[in-house]
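In this document, chain identifiers A, B, C and D correspond to the written order of the chains, with residue numbering beginning at 1 in each.
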Amino acid sequence: MNFASDNSYAAHPAVLTAVADANSGAVMGYGADPVTARAEAAIRDLLEAPEAVVRFVATGTAANALVCAQLSPSFGRIYCHDDAHIETSECAAPEFFSHGAKLVTLTGEGGRIDAATLAQTLQVGAGVGLNGGRSALVSITNATEWGTVYDPDQVAALASVAHAAGLPLHMDGARFANAVATLGCSPADLTWRAGVDALCLGGTKNGAMGAEAMVFFDPARAEGFDYRRKQSGHVMSKNRYLAAQMLALATDGLWLDLAHRANTKAQVLGQAVVDVGGRLLQPVQSNGVFAAIPKAAHDRAQAAGVLYHLWPDKTVQGADPVPLRLVTAWDTPDADVAAMAAILRG
Amino acid sequence: MNFASDNSYAAHPAVLTAVADANSGAVMGYGADPVTARAEAAIRDLLEAPEAVVRFVATGTAANALVCAQLSPSFGRIYCHDDAHIETSECAAPEFFSHGAKLVTLTGEGGRIDAATLAQTLQVGAGVGLNGGRSALVSITNATEWGTVYDPDQVAALASVAHAAGLPLHMDGARFANAVATLGCSPADLTWRAGVDALCLGGTKNGAMGAEAMVFFDPARAEGFDYRRKQSGHVMSKNRYLAAQMLALATDGLWLDLAHRANTKAQVLGQAVVDVGGRLLQPVQSNGVFAAIPKAAHDRAQAAGVLYHLWPDKTVQGADPVPLRLVTAWDTPDADVAAMAAILRG
Amino acid sequence: MNFASDNSYAAHPAVLTAVADANSGAVMGYGADPVTARAEAAIRDLLEAPEAVVRFVATGTAANALVCAQLSPSFGRIYCHDDAHIETSECAAPEFFSHGAKLVTLTGEGGRIDAATLAQTLQVGAGVGLNGGRSALVSITNATEWGTVYDPDQVAALASVAHAAGLPLHMDGARFANAVATLGCSPADLTWRAGVDALCLGGTKNGAMGAEAMVFFDPARAEGFDYRRKQSGHVMSKNRYLAAQMLALATDGLWLDLAHRANTKAQVLGQAVVDVGGRLLQPVQSNGVFAAIPKAAHDRAQAAGVLYHLWPDKTVQGADPVPLRLVTAWDTPDADVAAMAAILRG
Amino acid sequence: MNFASDNSYAAHPAVLTAVADANSGAVMGYGADPVTARAEAAIRDLLEAPEAVVRFVATGTAANALVCAQLSPSFGRIYCHDDAHIETSECAAPEFFSHGAKLVTLTGEGGRIDAATLAQTLQVGAGVGLNGGRSALVSITNATEWGTVYDPDQVAALASVAHAAGLPLHMDGARFANAVATLGCSPADLTWRAGVDALCLGGTKNGAMGAEAMVFFDPARAEGFDYRRKQSGHVMSKNRYLAAQMLALATDGLWLDLAHRANTKAQVLGQAVVDVGGRLLQPVQSNGVFAAIPKAAHDRAQAAGVLYHLWPDKTVQGADPVPLRLVTAWDTPDADVAAMAAILRG
């Protein structure tokens, strides 16, 4: 049983079928092929953003770091949550790609930044002068690293503050599908209509093998971006195989269907946590359960060989209750979910 | 008809089958899965290098740039041929990854550096002091960007010069399979036994969707390399799909079989060039034909809509004969090869 | 009246005399001159470190960033205090020079990290794996950004924790002279004998025009450092003028004498703060007074045109008491100090 | 006797006097002082460029690299001469500061690029696409690394080609004073009136201790530049000492007077080379003599302990005639010049 991460799980068969369908004949390389054109169009359609520039890469770290570097100079300050993936989990890729931009982190309940905190932080940032660097970008994650979501109003409030300070807003959407599935809003409402300037739309955790879309809603913000992507080794010569994955997810609402499945499984686990007397550290709003469970329940799970991470600090030893993270994917077996729920309940 | 590049062509069905086979169940991410372990072992076996560190990335540019950055400080001088892919075709990725290393280019017949030229250049390099930077790495491409090959003796001669100067030797093997297929030597003879310290073993042009292996024959040279790869966004969370591709190629000699097929098609085109009175700019030793053909033949091919690149300067207009490059892949249709040969012959 | 910064003040006449003395005849450039040799030797003597590698640069930001980049790879984690100059005041220079290293900040009373906090943080850092980067360096500032000092025992405790984790210890000594003047210990006791691996020994704030020494106590840690310095534009061709400044400060104890003078003036201001009912946020242990003073006193000082910074947040408006920083230099006029004391006291 | 470099020589007394004059009282740091304001204004006046943004740094490598990074993205191509200082003598600083920009070098007689060669090279550069990077900047050196000069018409021809391709033109003017002294034109005619967009105006080789001005004629091109300079450690806190040096040189035509003196000495040496049967590799148009002299003359000079560099390859051994470089400074003793002339003549 594996609840360690959604990237532990497989790709959806439709993704592999799309790849196989793309696998015939000669096409021009580096994205100048018809599958790529169709996939980019599909993402634009999905977002109701006909002017947007859409590009693909194979990893979420690349997607975020490339967009950060595109939108921040080396001397830029990038504002994000303390627990943002770009801060905690990308081995300083944003700093590397941008040549030194500083991630300035903000505290916020549930993995979310709130607009007032952002406003206050930007005010300080406006005063740091040469010493502190220049405010450049605000980045949020949706769904967050704590499994919660920003709704369109919350996004719009942040965008309003960012824009008032002259800064663009980036959304790390590694689990964007999970957020949309929960919120029931349109992707456009959650992004550009709310003021998002650049979106990383994750495919990998949603059921691709390894594919992410980067979307610049204003094409002017993508100036030179293809060179940047190439220079970092993230332009695939046989780009059709990357594009086909995103095309499959964007077709017939597969991406949302998969996200719904994953979210539902997380709900089951969340209920089991509550049943056993555990505490949900955050409400279950996507495909992750963040909870503190009785040590006895943790011990049972360990004894059964269940895989998951202690959270947020993997080095924790001996705590009771035990803080942990359980992540589900579209294809986490329902039997495993049920078994884990049973183990939790003892 | 497409002779523009081997990356215009498809992936071998066995590659897709291997990917599909890997697509079940949950595994740990970031390379801690059994397919990755098997693929790394397969590459070590193929190279008779049981101690080597093997890692995978999705693009050749990433592979070369990561290895260059691993083996050169920011103030390093990396010696390569004038026409080396790392110099001409990677958008300064080695400079970006290494934070500024300078590519010092050497002239050499047939895309090859010769040992005497290297020795002389390194002597100059040893004298440039702080102003010029510190000699750090020698990089060669095999098969070369001109379709020729270095044989093991030639590699050994270069390695000897490089090592005498304290520098490691890197081989860009984007078309390593094509070189081995031509030479009939063992991969080990062409690499570590000849003194190669790091190899980029290409899968993409050989029949993968997008997969390359990076091999450090001395594990000490790979110190910290996984962090470097992660920081550049080149660690795939679902690494099994990348690894499965290399595993398929390494299984039952598929990689060499595919290279043989591509090479054979190039021989057919090369003969047609000669037949029409064209001049082979280099002998056909891998899967590329570099030739100057009568303008009339070029005009016929253009009229027929055949795709290929003028070479080495894509901006050439009106020359007669016309310098060009024709590249074949394992799956370039034999009918297309025959048709192109017929067009050339008029 | 200027209490904004010690770098608002002038250079000591002996520094200019030394520069003038160096200004004759032809010498070899880039540090291969006799003044540089003497100045490097003088710093080694001052530190009782005959094997140390000593180099000079013109700014403290360059000194710190170069040393950080020398001791941390791009994927390194550099541990420092929340208020460390390298974190707050160098425009992300350490990140730029290192190509992306992440500064991981620690809370600590009085601008000091304590050993237990460091140990705990390093334990977490050891567990972050590829995602979080690799622990690389611990950096402390002495005297701190809050005007306090680490004594040799405190340094040794931190060094012990750092070394146990395999990390070197860097000391930003922009105001090292002020710390030594307060502590009365030997420079060696406060650095290498306590486990410091690299020291940035500041001259600029101590009475130079613009000169800082970087010291690597183990020459092996300086491998390639001259290239790094050159590549960042920090090797002066006429290095004698830089070296002469440090030589002057190191001669006949001038550096300590100047630091004593500055420290003494800060004591006077600190007493005035107390007298007016203000609160010292930290004890006055070097040449800075960090205090919260009644708004009325602040208003009097503003009305008199006294220059100083609100602290730690320059954007604070309307607070009472008013948090601020007063900095003295060797040549802050005693009359100004007295006048400011009088203003404070009303 | 030292003819190794103009940076082997001293600073003019007026420079030290200006520094001493600046050395009193408290001023705000980081360039917000009156001396800096006056020095920036003096440079603007000298160039008849009232709108220009002028900033100072302490080294020529920093000046060039900062301007290159300001005007080129990481994926940019910077066009310069094969022997450009930025290519041969700055330890890849432009690549480091820009995060990877590629220097594309052009051959040209006398260290000069000619407009036709540039036009042809840019045409190729326009065709390299993602693989080759994007053309970003043209950089020339005046006086050149071969002691020759571009006159205003030659600069204008290059600027015209660069601008037609949408690229700005940078002039490395480490020896700009020497060029102006030879040409007798106005600094404005040789720069912005001829189309130069950014100038590095050297003070160090002209008689400063270590000071260079960077000038952006269009302020829009300097957007964010102060942050860039700060992040690289090149903002001096006590900037007045840097600015005072440039102010001294710009006052009463001192800079041109010093350049005339140096140029005149080079003429004497050049004549001696001709007299002894040596060959001037280039006409003597500034303060350097590039010549091939009979080995016997070289042996005499070596026996007399005269310092100079073999050129362009410092590793040359045993050639006859011996290619070398002799550089003069404003304060190279006339007696040494006469003595060297005598040695050459045997």
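In the analysis below, a residue touches a chain if its C-beta (ideal position, glycine included) is under 8 Å from a C-beta of that chain, and two chains touch if they have at least 3 such contacts.
Bear in mind that the values here come from a model prediction, so they are computed numbers and not experimental data.
Chain centres computed from CA atoms place D at the largest separation from chain A.
Centre-to-centre separation of chain A and chain D, using mean CA positions: 49 Å. With centres taken as mean Cα positions, chain D sits 34 Å from chain C. The distance from the centre of chain B to the centre of chain D, with each centre set as the mean of the Cα atoms, comes to 40 Å. In chain C, the positions touching at least two other chains are 30, 74-75, 90-93, 96, 99-100, 130-131, 133, 227, 230-231, 235. Viewed as a contact network, the protein chains are fully connected, with every chain touching every other. Those residues of chain D that touch chain B in the complex are listed here as 74-75, 88-93, 95-96, 99-103, 123-124, 126-128, 130-133, 313-315.
The touching residues of chain B, counted against chain A in their complex, run 2, 4-5, 7-11, 13, 16, 19-20, 23-29, 57-63, 65-66, 90-93, 96-97, 204-205, 209-210, 227, 230-238, 241-242, 307, 329, 332. On the side of chain B, the complex with chain C involves touching residues 30, 73-75, 99-100, 130-131, 133-134, 224, 226-228, 230-231, 235.
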